[in-house]
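So the structure is just underneath, and the comments pick up after that.
By written order: A, B, C and D. Residues from 1 in each chain.
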Amino acid sequence: MADASKTKIGWVGIGRMGYAMAERLAKGGADLTVWNRTRAKAEPLAALGAKVARELTELAACDIVYVMVSTWDDVREVIAGPQGLLSGSRSPKLVVECSSISLEGSAELRGLLGARGVQMLAAPVSGNAKVIKAGRLSFVCSGPSAAFEAALPSLRLIAPAASYVGEGELSRIVKICHNVFLGVVTQSLAEITILAQKAGVPRHAFLEFMNQSVMGSTFSRYKTPAFVNLDFKVTFTPHLLRKDLDLGLDAGRRFEVPMPLASLTRDIVQTMIGRGMTEEDFAKLLVLQAEASGLTLEAENVPVSDGLS
Amino acid sequence: MADASKTKIGWVGIGRMGYAMAERLAKGGADLTVWNRTRAKAEPLAALGAKVARELTELAACDIVYVMVSTWDDVREVIAGPQGLLSGSRSPKLVVECSSISLEGSAELRGLLGARGVQMLAAPVSGNAKVIKAGRLSFVCSGPSAAFEAALPSLRLIAPAASYVGEGELSRIVKICHNVFLGVVTQSLAEITILAQKAGVPRHAFLEFMNQSVMGSTFSRYKTPAFVNLDFKVTFTPHLLRKDLDLGLDAGRRFEVPMPLASLTRDIVQTMIGRGMTEEDFAKLLVLQAEASGLTLEAENVPVSDGLS
Amino acid sequence: MADASKTKIGWVGIGRMGYAMAERLAKGGADLTVWNRTRAKAEPLAALGAKVARELTELAACDIVYVMVSTWDDVREVIAGPQGLLSGSRSPKLVVECSSISLEGSAELRGLLGARGVQMLAAPVSGNAKVIKAGRLSFVCSGPSAAFEAALPSLRLIAPAASYVGEGELSRIVKICHNVFLGVVTQSLAEITILAQKAGVPRHAFLEFMNQSVMGSTFSRYKTPAFVNLDFKVTFTPHLLRKDLDLGLDAGRRFEVPMPLASLTRDIVQTMIGRGMTEEDFAKLLVLQAEASGLTLEAENVPVSDGLS
Amino acid sequence: MADASKTKIGWVGIGRMGYAMAERLAKGGADLTVWNRTRAKAEPLAALGAKVARELTELAACDIVYVMVSTWDDVREVIAGPQGLLSGSRSPKLVVECSSISLEGSAELRGLLGARGVQMLAAPVSGNAKVIKAGRLSFVCSGPSAAFEAALPSLRLIAPAASYVGEGELSRIVKICHNVFLGVVTQSLAEITILAQKAGVPRHAFLEFMNQSVMGSTFSRYKTPAFVNLDFKVTFTPHLLRKDLDLGLDAGRRFEVPMPLASLTRDIVQTMIGRGMTEEDFAKLLVLQAEASGLTLEAENVPVSDGLS
């Protein structure tokens, strides 16, 4: 396994997630060059030793280039656009693509890179910016196993856990499964939290127990403040959750796997959207559940831990 | 808070769970007297310093008596039966009842004890014997808050986490909610695990990632060997899970809380039972899901961690 | 088979349903004596040749007494109360009980009657007052087959169809199944009607086709005015539908039959109740469905047939 | 409205459905020319006065040409293929397309026809060959309202009911809604039939009542022999039902209409397919339901009416 500190690493995309990930690389001592459309957002990383590039082509000399942007259009632009990573004569050995893109986009990207002799690791993640900062991110990776081995030292600087699940775009399916599960788990938590509340148990007491129980997860813990104090500042919108549930159901059709809990959760998320709850966090499933139970929710105003900070 | 080592503690019920719990008390230095219907099962605890009682009445001199038996009938027998804990002239100050009994049974027990001036803490748990041994058990408690305070030092010797959720039998509702969630989570895991497998991801690789992800839980980790290697030695039967789902749905009716994911999971567990999968662990939901997907499962024969040992 | 015109028939209960049923008997030439708590409601039947009794005991001389009241408490009162049908020395040969009561109530009633040597036919119906007037009612009957044969001539005067399904209280289960189906069918009609509307098809055009299609039923036709013109004057409340769905699910538990569509419909009806739609007809499931689809419904104000008048 | 007997009508497709429809036109006195790929299948219609064409182009001189073939590929071939209806210099005024094709296919066909100045009526049907013969078919039509008016006299010779639901391909959506409903209704009937059976009511007695009740439909009646005597000779395969449910769910996504009962029924049909029940009629949902209820079904061997013959 290569020494991460001698590998030249490029980073494309300094949004909330990208910043936190690149920051961990920089703090971990990586030889890092970053690029962001809005260059100013990348500047703070210079204080941690990172170089800040003006052009994407400057990253082409790196061994490994990580990409963490928003959409498939953004990914294509930064890789294969007129000023993209591949627009000069050089190209890196390996691209690690971490954005949430579809199987089809991922396969197209692999083709574009392969035509230039660049290997690709599809590497979506589980977690948000706070999870990254808390050192609790996890990667799920697919592509050539050699590419995974090559990336592992730098992946480990970013996250304690990186799983390799196989060739091609398999990690994209796994990420979709993960998000389907996230939707089902949230709806089920909403059902039982409202039941416990109507029976007389305050939400903070109920969730404290659930979080400590064998069923507790990093996720259940970091959603607890939203459920207890009704802070629904968006981390993931109902529309995005519906999209991922639909991707899961599409995969279920293709592979002939019935997914009744996923289907039903999908319809509940659609109901939430139909009822106009579109601009806040999908955790407002709790509010939908309360309404269906004849209950008007109020914030409990109890300080609760998110398990991260 | 009282010093656990000076409090005299009685323990009734040395089954798989009860043994593991009492063993932690003994190893933690508690002044412990245990009783079990089959006395021989309790003997090994003597080597750890516990006294082994011949009669339940011997425990009446304790400050706190824990009860961990199987059914409500057993609970009533050991407390209020002809040779029960209360059959002599003395009685303990507090009974901590940890068995999985109904709200109605719990309330009746509180009445029986109250008539003799004994306080009661309803204290069901989250976890199995392996979880206890690994020091990961959690209690959810209800009853007088003073009773919770009094029990806390000894609860902490058994489990790192003990939540207090309120008066009366509220902890029974919370335990039911916990088990409803456990059913939904298992069915959802079955759906996505089979989807991932049909897409090409081995179950062990898929679950390794899920367990490391923000969605991973102690539960998902200790069910992983069953899902990967198809070891369905029973820990919790489909009939018991159906019973708890029905208790959850009954509570949903009473408190007018619709629980669509719980309802659907309940019907899937019934389907499992109707198809004759009754004698093995409820984790066979994975097999039911595979059949519905036209897939014959085979053990992967990959050593995987259960996260406990 | 006996001649209906020579059989002396008693009728208890002149509500909306009872009036319409008794009216058909009277118009059919039956030798009819009616009783109602509020006697005035029964008077119009005198003009059709019926006798109006002052006391329930006057009906004890009849061969067959029909009962059509509201609740099990009402049934018990009119049969076995201090001034009830059995409070004198005589008793009829046969009671035909048509109210919507539970299996348990039905069995208890059979016991009360049997102790006095009175046979009982449990005979709930499918249809409302308009259906009766249109000559489209149907009975489902259980009890001794001889009782069914004896009642058949008079049943036929009331309704064109009377099915015999077996001994005891089996007809009560069948009625529950019927109402479970009614709930599921209404929810499914709500789903597809809103889908068709959002795609551009007016509700009256959509339902005209559905009613004419092989899927059309007397029920789908008589609910059409409600769906098209949003007239939700109550015929059957959400609470009553929820009760029957719960009875169906209870039977499903007892006989170990999973009923996923019934379960889900039940939870949707609960949601409707939780959202406060309790005082109008259960056909407001259409409104709930529209809201979940981001659609505000307006009456189409198109005259549509209910298929009855 | 034109006189159907003076309008020259062409018919393409003499399968089971097509034969029964064309036969009604011929018996009704229409001036009819038929074409079928296998000419022999059309010959019997000559005895009823129909002309049998050798080439599709012979039908181009007709006023109205009906098309009733299997798939979109067949439709395109017979209309726009090298030997298709439009392959000569003439073309009919109106094509009435009755096959079960998608919205997209329907729109493409309308374009192909429009380019040659031919109007099109999209006219899928509700019913099978036996329904047609029994004179109980219904059409749902969309396209120019003038085209509907022009076709009405001949539509009425085939079927008593023809609904017009609007412009374009709206009738395709309505047909999809119809089939979604058919799936949900069948699953719900399966649930309650098995519940009634396990409670002690024979299936034939249960369904006799349901068919006579306000919930009974032409469909419930003609599925009764399958449910009672387990004759699952295919009329509609599980794969075709799944396809239509998926089309319904796709439309639900597009128009943002959650369809929980349709989703769940879809997953149950998938389960049926996964379990290998693919070659018989979708009414085998009854068998799936019985298995989930721990019941082995046996034919009742009771003659029951299908309500048609």
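Of note:
Keep this in mind: a residue touches a chain if its C-beta (ideal position, glycine included) is under 8 Å from a C-beta of that chain, and two chains touch if they have at least 3 such contacts.
Nothing here was measured: the structure is a model prediction, and the numbers come from that model.
Think of each touching pair as a link: the shortest run of links from chain B to chain C has 1 of them. When chain centres are defined as mean Cα coordinates, B lies farthest from chain D.
Homomeric contact chain A/chain C is classed as same-residue, with over half of its interface positions used by both copies.
In this assembly, the C-alpha centroid of chain A lies 55 Å from the C-alpha centroid of chain C. In this assembly, the C-alpha centroid of chain C lies 34 Å from the C-alpha centroid of chain D. Annotation for chain A: residues touching 2 or more other chains are 252, 256-260, 264, 268, 270-271, 273-274, 292-294. Chain contact summary for the complex, chain A toward chain C: residues 260, 264, 270-271, 273-276, 291-295. Contacts from chain A toward chain B in the complex involve residues 126-127, 131, 136, 138, 140, 160-161, 163-167, 170, 173-174, 177-178, 180-182, 184-185, 187-189, 191-196, 198-202, 205-206, 208-210, 212-220, 222, 248, 251-252, 255-262, 264-265, 268, 289, 292-294. Contact residues on chain D toward chain A in their complex (touch as defined above): 246, 252-253, 256-260, 263-264, 266-268, 270-271, 273-274.
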